[in-house]
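Below is one structure. I have some questions about it.
The letters A, B, C and D name the chains in turn, as written, and every chain counts its residues from 1.
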Amino acid sequence: MIDASLIADENAARRPELDRDYETLGERLARRGLDIDTLTARAMAFGVAVPSWGVGTGGTRFARFPGPGEPRNVFDKLDDCGVIHQLTAATPTVSLHIPWDRASPADLSAKADQLGLGFDAMNSNTFQDSPGQPLSYKFGSLSHTDRAVREQAVAHNIDCIEIGRAIGSKALTIWIGDGSNFPGQSHFVRQFDRYLDSARAIYAALPDDWKLFTEHKMYEPAFYSTVVQDWGTNYLIARELGDKAHCLVDLGHHAPNVNIEMIVARLIRFGKLAGFHFNDSKYGDDDLDAGSIDPYRLFLVFNELVDAEGTPGFAPAYMIDQSHNVTDPIESLIASATEVQRAFVQALLVDRAALSAHQEANDALMATTTLKVGFRTDVEPILAMARLRKSAAVDPIAAYRRSGYRTRIATERPAITGTGGGIV
Amino acid sequence: MIDASLIADENAARRPELDRDYETLGERLARRGLDIDTLTARAMAFGVAVPSWGVGTGGTRFARFPGPGEPRNVFDKLDDCGVIHQLTAATPTVSLHIPWDRASPADLSAKADQLGLGFDAMNSNTFQDSPGQPLSYKFGSLSHTDRAVREQAVAHNIDCIEIGRAIGSKALTIWIGDGSNFPGQSHFVRQFDRYLDSARAIYAALPDDWKLFTEHKMYEPAFYSTVVQDWGTNYLIARELGDKAHCLVDLGHHAPNVNIEMIVARLIRFGKLAGFHFNDSKYGDDDLDAGSIDPYRLFLVFNELVDAEGTPGFAPAYMIDQSHNVTDPIESLIASATEVQRAFVQALLVDRAALSAHQEANDALMATTTLKVGFRTDVEPILAMARLRKSAAVDPIAAYRRSGYRTRIATERPAITGTGGGIV
Amino acid sequence: MIDASLIADENAARRPELDRDYETLGERLARRGLDIDTLTARAMAFGVAVPSWGVGTGGTRFARFPGPGEPRNVFDKLDDCGVIHQLTAATPTVSLHIPWDRASPADLSAKADQLGLGFDAMNSNTFQDSPGQPLSYKFGSLSHTDRAVREQAVAHNIDCIEIGRAIGSKALTIWIGDGSNFPGQSHFVRQFDRYLDSARAIYAALPDDWKLFTEHKMYEPAFYSTVVQDWGTNYLIARELGDKAHCLVDLGHHAPNVNIEMIVARLIRFGKLAGFHFNDSKYGDDDLDAGSIDPYRLFLVFNELVDAEGTPGFAPAYMIDQSHNVTDPIESLIASATEVQRAFVQALLVDRAALSAHQEANDALMATTTLKVGFRTDVEPILAMARLRKSAAVDPIAAYRRSGYRTRIATERPAITGTGGGIV
Amino acid sequence: MIDASLIADENAARRPELDRDYETLGERLARRGLDIDTLTARAMAFGVAVPSWGVGTGGTRFARFPGPGEPRNVFDKLDDCGVIHQLTAATPTVSLHIPWDRASPADLSAKADQLGLGFDAMNSNTFQDSPGQPLSYKFGSLSHTDRAVREQAVAHNIDCIEIGRAIGSKALTIWIGDGSNFPGQSHFVRQFDRYLDSARAIYAALPDDWKLFTEHKMYEPAFYSTVVQDWGTNYLIARELGDKAHCLVDLGHHAPNVNIEMIVARLIRFGKLAGFHFNDSKYGDDDLDAGSIDPYRLFLVFNELVDAEGTPGFAPAYMIDQSHNVTDPIESLIASATEVQRAFVQALLVDRAALSAHQEANDALMATTTLKVGFRTDVEPILAMARLRKSAAVDPIAAYRRSGYRTRIATERPAITGTGGGIV
């Protein structure tokens, strides 16, 4: 972890300007009837999970270009996650991926405790073959035509639940790549029924206080059809399985132009919103940094979430899920957690009574302007003050760079020489 | 209508070549274990409804360029539909749109009887304001914030049911343009609940032997959000309403790249497929002629439909719904009905036992090839023989052109002088 | 126009808060090395043209829902444009569309002088047929297969130039809907050559100090192919024609997901950027209000424009081009002009020396953060102060609403009863 | 290679049916004024290149699932290509990728001669880092900010030319992944200028009788911007470089909904069409088998190519470029070469005089029907007869499966154990 005194020094240097900006922002917000300290408290209570794979450098099918100090195993990954949380105070949990992160639960828990981290949803990867795995997932996992392959995949999911129980997780996320590359390759109805059967078997193994998150995606790795291709299919799955099953929304998993915030509203309305995999995209499942391409879309999603606060049973899980191909993954995760938190706080600024009145009156211009006033407000002083009050860094990227953490771990962790594609 | 002797003369001239092609195609199909006369009988039994508005020239928001002999009213429209069915024997029914086609039910029935036509689903247009209409649909109809507007729209739908009952229709299709053009303009959850309330009121008025078809569309006329934006929302509506409610699929109403045939399979699986609005598109809801842009996609849809034959309760309604901006609408509807019928017959050719075996074995190449063999087969001789055997035209476009029908009605029906946009 | 004292009263009431916010923003900007008064001066010098058709209520092919006080002719339109400029001081010019706005040039000039307005580029509409027009544009205009139709369209364009000369315009914008709805309908190469021939004839008639702007669009009203479908074809046209020909970029005229700001950079690099038709879109050519859907995209476009300042010959024309279907068009144009101006000022805030250094160092995270710092800054105080210093309204929408202008003109201008589609 | 007698036996068994189908197809074509033997001769003369990497199993960033008998090196790849050509007689050349296929030119030529193969365009891969490579392409190659990296990439391209010269290739294809993942990461203008400088250096090293093919792609591996993102930029490059530079069109490298056949027509019109990378796609650069998703689109491309026959200088290069993730790559390449050839022959069937007349008359319905008649014709007997007459297999997939080639090489070539992503 980073030396606390370094952070304190950094913060001390930035404190006067922050105090001044916080004061003047507070003054402006007060005029709108908003109390800045209440907002800062909300920001302080906000958390988003980091995916363990995200602290490694990602790649494409064409190549992966590793950076220095790549994590060698889940414990290195947790170290990196610890730094992110230390600097942002916004990422209190980590989402593990099995089999990549398989380790002794006791060791995992001990390491997490030491770093002040918890564990969010478990992820069961059945989109790759692992060394020693008896049966291949080349033609699918939970929906494979061969019962034995399906059983292997079900068993792997149950295994993930067991690991998760031991380390304090309360949810299992299932995303599969099952689908087809050619018209006719798969029988859509039978394939979906096989998926449902497998999912029911996993659901049956779910502890009472757990949730099951299923995740849809339009395409990739399958390029003609995907079994859980959109929120409509995802909803059908969650409904078939039962009350503990919910639909996870990854912002990059939709068709071009789709209105994602409306999907969020539909899932909220029917009690089936699991939560999010945050990231951003311009073309496909680009897995770019959250808020980097279309920050207003991220805000509009949080507008729905803030609007739904207080709805019975409404408790979405927030996770980042993105690939860092050209940046230091720690920096990207710091920046992305901040962007997610920023959208949340901006959505808190919306005058919902006024918005509602404009909506009822069909005053489209004032309704959209009411939203924009929230989005346009630069809430950086609130985010920085929230970090300061939690002993994190006022400017986390600057503190991280000054800390020399990357240089240090680069000497401890040997360089990765393989340069092939893949997200491993 | 067209003089039957003209059709007979045309057919007689084409008969020798047709007989020869039918014979050699029959020979090739027999080698695959298929009986051509059985296929011809299936083609003869196939029908697709024509939309009344489709026989007028369509337009865009930029302009409408009328053609000669535009129908002046629903009776002119029925005359044109009669010609299409006379020449193709494939369009036995017409789908009316109210208020455009409002007329005395007795007169409508008499006219249809005279032409040998029936009536398919009724369509309730609440996306325009009509002269004399008390309240405007500018900000929505069934989901409007104002209860009075919603009640007006519900009453209009119930009125459509009444007209339909009187003329022998058995279904109501609801497509609305309700949505928003700005983020924030509408509250997604409340707007959807208002839609559900209105739809329930209409559903309650549905006769026992009727079905309710709800239709989704991604966008247009609303450009930021649409209340019934995709099949997921459409499914939720059909499920909320009850067993008589089903989801209508218009091929042009989806996001770019969406796999429509898989949506069809999902709706079949959950017993909620209403049927189709056939057309084709390259960009948006282009309403181009069915099969004109991507004939293989149309085939893949029929592959699902033929596959589902025999499923209990499976009885999809087939309707064309497209805009003819640059062609003679009668010709486009003739050609499109033939394309739809062609895709159906090609789907009948697929060796489903072989396909199923390849699917089970994950032999993607042979599975897709098995489909392609059906699509690649030129079934025109089957379609032509089906028409011949029903006393329709072997070459309907040629017969239509030779008949001089368009020239004749152009003298009877005054030219339309307005050149504004709009589909009226 | 609106009573100046009403604006002055409104401004006086808002002055204390504006002064305070301007002061604290200036303080924050000074820390970044930016002088707020210099930025305000840049904002004051910024102008964007309003399209004459935009002050009427727009519609879709499904319907048009008129509002109260619709302009009856070009002089009513100019009155409305005058109000927009009076309140924003950001829309000094109007872009006319012929034949819609045909009137005596002397009367047009007199009216504009009276309102303090000038005329931007002329637009030659050949996508509709006008009453009395000898030949139809149903199958195209400048690229029609019939030479006589092409000559008619060329003559119309030359007529637009003549009108424009008389009223002080310096550019002609050509956008045509020519294309096809069916594969095979048009021969791509011959159709394009016909377009080039026609365009050359228009170019030959261009005064020495004029520019020709050609505008591309992916689709609509043609739904299979469009002659000037993208910037590649647009560039070829501009290059073939000569130095006075440039490519106009409408933000809504591109394929899904296209990176528009890169197209802007390419056209700048090759000296062919004409300027913009600003609007926003989520699906197709939605013609929504500028900045209403993706404000960051608008900022990224201005980032390229500010970056290119100083490039020899760089003088892009800024025009709004959007359809107001559900708002008061005057309000939407006020808000949109402000959004465009906002993006411009935010782009001025970017630390270009730092950005350039990050780019050279491949420091992707700091490069994108450097952009975001500009975008995140709430520059509303600068925009408001710019308006105040030009005697426009600090809050133009509020002043407009208080003025009762719409109510007044609604009594003077009779209600439009036609409710068909179309943008007329 | 496969035993010639096995092929002969297979063909003998299929001969009677083929002869019969060829005869009746010939009869039908004769009625349209077409001579089947002339068409068969055209089919026999048709060839499309196979990419060396395509005979290995492809993957995605998530995983690669190897099949049995994966080629270990370029000589194994050439063996597989030899089998494809032996069975189809339609793939006479192979397109090499350097550094993957680096080997002694003499050995390459000897091996190719032995297999009856030639070499098509060389491909210079600079989208991956290779072991021992001094400088990384993580942040670009030909457009990198660091001159040394650009020089390394230029040198690699020149090296590819040298290898190509030695083995009889006549073209270099450049596709690079250079771009950016974040707004602001790259300066668009400077980045493009660096690309042009590098490309000029490569162009200068091109032998007189060589061509340079540059290839555009919308996105991936870069996910915010790509340097050569579309045909517009590609055209600018080819024009800047000179007469030997042309634009390569990969069917999967465009934005959603783009009309590719029109791009082909534009490049033909301006003398800059290099040729094709054939494949198919539903979502992005899916690299699916040619003709597997939208066979009509492939036909429409060939409609442009056949239409352009006889244009001076028109000599496009045809190459397959696709990834085989779930099929035996040899089978997919056999099927894809046949699909490409099929589209070519179908395009030959179009009655161009009639089409042209319909186009001139704006008879959209008959124009599109004229195209469809070509597409609808099942030309399989022509393709099979072309193969038979060149001693290839009437049914190449059946012959391949019966030959046991895959089983044999699976015993000779050790299984690949790595299961990571990537196309290596």
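Please note the rule applied: a residue touches a chain if its C-beta (ideal position, glycine included) is under 8 Å from a C-beta of that chain, and two chains touch if they have at least 3 such contacts.
Computed from a predicted structure; not experimentally measured.
*Asks:* For the interface formed by A-D, which of the candidate pairs A-C, C-D or B-C is equivalent, sharing more than half of the contact pairs by residue number?
*Replies:* B-C
*Asks:* So which one's got more C-beta contacts, B-D or A-B?
*Replies:* So, comparing the two chain pairs, more contacts are at A-B.
*Asks:* Using each chain's Cα centroid, which is most distant from the centroid of chain A?
*Replies:* B
*Asks:* Based only on mean CA positions, could you tell me how far chain B sits from chain D in angstrom?
*Replies:* 39
*Asks:* CA centre of chain A versus CA centre of chain B: separation in Å?
*Replies:* 42
*Asks:* Which positions in chain C are in touch with at least two other chains?
*Replies:* 138-139, 180-183, 185, 218-219, 224, 256-257, 259, 282-283, 289, 292-293, 296, 326-327, 362, 364-365, 368
*Asks:* In the complex of these two chains, what residues of chain B are touching chain D?
*Replies:* 17, 20-21, 24, 27-28, 31, 256-257, 259, 282-283, 289, 292-297, 326-328, 331-332, 335, 362, 364-366, 368-369, 372, 375-378, 380, 397
*Asks:* Residue numbers of chain A touching chain B in their complex, please.
*Replies:* 138-139, 145, 180-190, 192-193, 218-219, 224-225, 229-233, 235-236, 254-259, 261-263, 265-266, 268-270, 296, 300, 303-304, 307-308, 355-356, 358-362, 364-365, 367-368, 370-371
*Asks:* Can you check the complex and tell me which residues of chain C touch chain B?
*Replies:* Going by the criterion above, the answer is residues 58-65, 127-131, 136-139, 177, 180-183, 185, 218-221, 223-224, 256, 281-284, 286-289, 292-293, 325-327, 417-424.
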